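Once you scroll down, you'll see the structures, which are given as structure tokens.
The two complexes that follow have chain A in common; it is paired with chain B in the first and with chain C in the second.
Moving on, here comes the complex of A and B:
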């Protein structure tokens, strides 16, 4: 085990860790803007479009220049070819009526193919450089140096500074382009600026995550953060944190697991070799975080949503049962079988529900007979009151036919809040009868 | 198969390539038994794959589903790993190279198609994540998982890169059989259900009214697309497949508005691109001693074709446009 702080101090470990974290932070922040504009797949195309630039840079440096030119050359090459990819997508869409998805896909694949052709030029003549090109496919964080931290640090700060400086403009152009126009904000200018930010974050990212997987770092933190908040500033904050955490955890896991593999020296099917690649690990970590937040985020997550639905269903069934008892015999005892036969639900769920009602002190049960307690009577008559009030409202205020209102009221009686009830009572001047000439129970008791 | 002990195409230039090819095909037709040279195997596989891709691609492009194809082509890595593990455990294949046969492909394609489609649908329909993000999220995460599994489980460390980049030089005769079967399956389905595909592509309401389920044909197309991609990855890799899928169709689209012609024309473009690609990469090797990746050259040729089409297209071509523009200006002067 390596202590966690070693990842920030150790001269070999700190460059990949800090570099990945910076890169993930940048990508996550830009990713939020892209995600909110529903252009997430653009990142995919732009990251693949960097490939010919990277390969060309490596080939040029390998055949003509000395080693130390490599890093800046790759950055510039990636930047230019990614921009070219952006223009190509734009031109295809604008001048040749190609649809968005086909244009993205075509540019992605063709740039990649051209990049590969260039790369194969040095396949045999410069195997060292060829391996370096290949490492840009899935990224190779391990080869980062302190120089990279500096470079990425500057670029990240640049992206964050531009984002912070024009925060308001980005926000308005994202959510309401027309409003932005009316305010005199150049929508096209900020669109181009955003594209530039995407390109920069992609160029920074391909070193650690690689061209194939880069788009994940734009999408996953943003999609995860969106689950937790509706405010853009908070989404940005959460996405940044998620990005940095995945950057760190990806490095941590890949390093720890590789050490484990090397130490244990035994493998599945007798042949585990190599190590856990860092780039894919970062992506898997951020993907996992995203899936977990899609499932479990308190407000918008799938599981909490289902739990809320289940609770609502239970409450509705309880209230309907109370109503049934109330209708059959308000004051006396009711046969259990009579209640069970009046609902189309399974017997067990009804029994369970009755048990819950008894637990809440709303009904009392003696043998096979059920009766409402005074608390239960109050509650039941209140539900009936809501039901009938709503019927009156539908008929009197909305002019619906008397025979059509019952079904809707069956639903609404579970939804109307005390506040709404008060408003309804005022609006309808506290009616005594519903449209079917049934009395409406008074508030606070039968 | 042994390659290189004698290759009739070694030191052939671009034109030599075609004359040699014609000669050899001629003598093959007249009954001389010939051992296939590696260039011929590459040529056969690439042209067959390109035609399959063009057929599937036409419908994918028209249905705006190319990004799903992109997702498929990434998740295939996981599909291949899954099929590999299944085959290792049930059929006990000793050599990983032997695993690449037709049943393997079908299992891999089904795993891939189901995984991708199910997960993206789940994210966008049940969790209600916006569609582009669900596609992007699913395939990148599954692909990353695939890369990790491949490096951990298979002894071949380079299989990850090879799946992405393709390796034409590793193609064998059995790959021709695979490519033929994939093309046959595609052809059979597209001929049998041509009308259904056509209607459900252009007017889903009409197709519903006629009792043709657009959803069913969506899934069928997804399965065919994943089959085609799985069949093609050995030759061109999972990313450049996308160029074979979209490029020829977009090129053909500049010349025709009819579906039948579009299918034929895009197949032709794919075919020619592979032919020229193989010949060109041989030419570069002979003349400039540059061993270029044949798959990459094919894609570059496709891009070149598209650029040509942009210039010469009768509808939207640059020549046509400038011609109209001049005519327009002349009219104004009068």
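Moving on, here comes the complex of A and C:
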């Protein structure tokens, strides 16, 4: 095990770790804007569009210049190539009437294809450069140096500074571009600026995560963060944190797993060799965070939603059981079998529900007989009151037929809040009878 | 039938020979009209008549192919701070992660300028306009929780905070509840007593007479523009919405197809 702080101090580990974290932070923040604009595919297209630039840069440096030119040349090559991709998308839409999604897919595929073609051309003539080019497909964080930290640090600060400076403008042009224009805000300017930020963050990202996986780092943190907040500023914050955590954990897992494999294979001939590449690990971590957020986020997550539904169903069943006892025998005891036969639910779930009612002190149980407690009587009569009030409302205020209101009231009696009850009582002037001539129980008593 | 616009010394809006194209096809044709200050103007016409386009063109969101537009004696570029726009409610994503207060504060973004953010004073101002549209208790709600009418009121508050001289509203009454339309009408009244001019794209013919002072009746071309009492006649309404326009629609569609190279227009004769 390597201590966590080693990842920030060790001369070999710190470059990939800090570099990846900076890159993920940048991508996550820009990604929130892309995500909110519903332009997620744009990130995918622009990252693939960098590939011809990367391959050309490697080839040019290999044939004409010395090694130290490689990093800046790749950066510039990727930048220009991605920008060309962006222009190509715009041109396709403007002059060829191609729809946005088709244009994006076309540019993605064709630019990537060009890159692959150039790469395969140099595969045998320049095998070493070919390996370099290949490493940009899925990223290679391990070869990062302190120079990369500096470079990415500057670019990240640039992106964050621009984002913070024009936060308000990015917000309004994303939400309502026409209105922003009517205020005199340069919508085109800020759109171009945002595209520039996307291109920069993509160019920064391909070194560690790679061309193919880059767009995940734009979208996954944003999608995860959206689950936790309804405020844009907080979504940006959460996405940034998720991005950095993914960047760190990706490096951590990749390194620890490689060490583990090396240790367990020591001295074994033909043992499992291999390592966990950093770029894909980062993407897997952020993808996992995103997936877990979709499932478990307190408000929007799938599981909490299902749990809330289940709790509502349980409460509804409890209330219906109370009503059944109330209807059969308000004051005395009711045979258990009679209650069970009047509901179509399974016997166990009804038993469970009765047990819960007893626990809450709403019913008392003696042998096979059940009776309402005074608390239970109050509650049951209140449910009946809501049911009948709602029926009066449907008939008197909305003009629905008397015979058609019962079903709807069966649902609404579990939903009406005290506030709504008060409003209904006032509107209907506290009626005494429902449309079926049944008495409406008074509030607060049976 | 033509109506001379009342002689106006300092009109609110002066449009002359305005033509707007989408691609090569006109959607608004040679509009010339003058509107005085301090009136409530209804813009009416059938679907696709170019009402929203007209509004957007005046606001400088769409570039016309020809014509001149003057607002309060100047071009819209110089007068952006004096106009406020209420877009159609459906034009935005209401699931966007902002609160009602944030939405209203957007109305101040033009005045705040670059790199400045809304502070306490702006917040209080926003709460005040929200109270005007009876939405102050919703200030900290997320906008996705609003009903249609509440969304419309939030949009209205965002325009009110701009404290403009001329208001342009695109279908503010579309799909709203009675409370909301009552509030909108009372805001209209208040703005008018302050001498402000309000342009409203409207589709309910029944309410035109009681709501507006002036009316612009459009159907790609201008049918008529004038005081409601004088020009809102059954005959002119019929001309705006009537069947005569179908031919124009057909011709426009053909022209659209021809210019975009889809139809082979020269062989149409044998149909």
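Things worth noting here:
Simple rule for what comes next: the second predicted complex is superposed on the first by the 439 of 446 C-alpha atoms of A that agree within 3 Å, B and C clash if a C-alpha of one lies under 4 Å from a C-alpha of the other, contacts with A are read in each partner's own complex, and residues count from 1 in each chain.
The rule we apply is simple: a residue touches a chain if its C-beta (ideal position, glycine included) is under 8 Å from a C-beta of that chain, and two chains touch if they have at least 3 such contacts.
What you see is a predicted model, and the numbers here were worked out from it, not measured in a lab.
With both structures placed on the common chain, the touch criterion links A:283 to chain B but leaves chain C unconnected.
In the overlay built on the shared chain, the residue A:78 is in contact with neither chain B nor chain C. Touch criterion met: A:176 reaches chain C, while chain B stays clear of it. The larger set of touched chain A residues comes from B, when the choice is between chain B and chain C. Contacts of A:184 after superposition on the shared chain: chain C is touched, whereas chain B is not.
When the two complexes are overlaid on their common chain A, residue A:25 makes contact with neither chain B nor chain C. Residue contacts after overlaying the shared chain place A:97 against chain B and chain C alike. Residue contacts after overlaying the shared chain place A:56 against neither chain B nor chain C.
In the superposition on chain A, A:144 makes contact with neither chain B nor chain C.
Of the two partner chains, neither chain B nor chain C is touched by A:416. Residues 38, 97 of chain A contact both chain B in one complex and chain C in the other. Per the touch definition, chain A reaches chain C in the complex via residues 36, 38, 97, 165-169, 171-172, 174-176, 178-185, 226, 229-232, 235. Residues 35, 38-41, 43-44, 48, 92, 95-99, 101-102, 104-106, 108-110, 112-121, 123-124, 134, 137-138, 212-213, 215-216, 218-220, 222-223, 268-269, 271-277, 279-281, 283-284, 287-288, 290-291, 294-295, 302 of chain A are the ones touching chain B in the complex.
The touching residues of chain B, when paired with chain A in their complex, are 61, 64-67, 69-70, 74, 123, 126-127, 129-130, 132-133, 135-137, 140-141, 143-145, 147-148, 151-153, 155, 157, 160-161, 164-165, 237, 239-247, 249-250, 253-254, 290-293, 295-300, 302-303, 306, 310, 316. Residues of chain C touching chain A in their complex: 56, 59-61, 80-81, 83-85, 87, 91-93, 96-99, 102, 106-107, 109-110, 112, 114-115, 117, 142, 144, 158, 162, 260.
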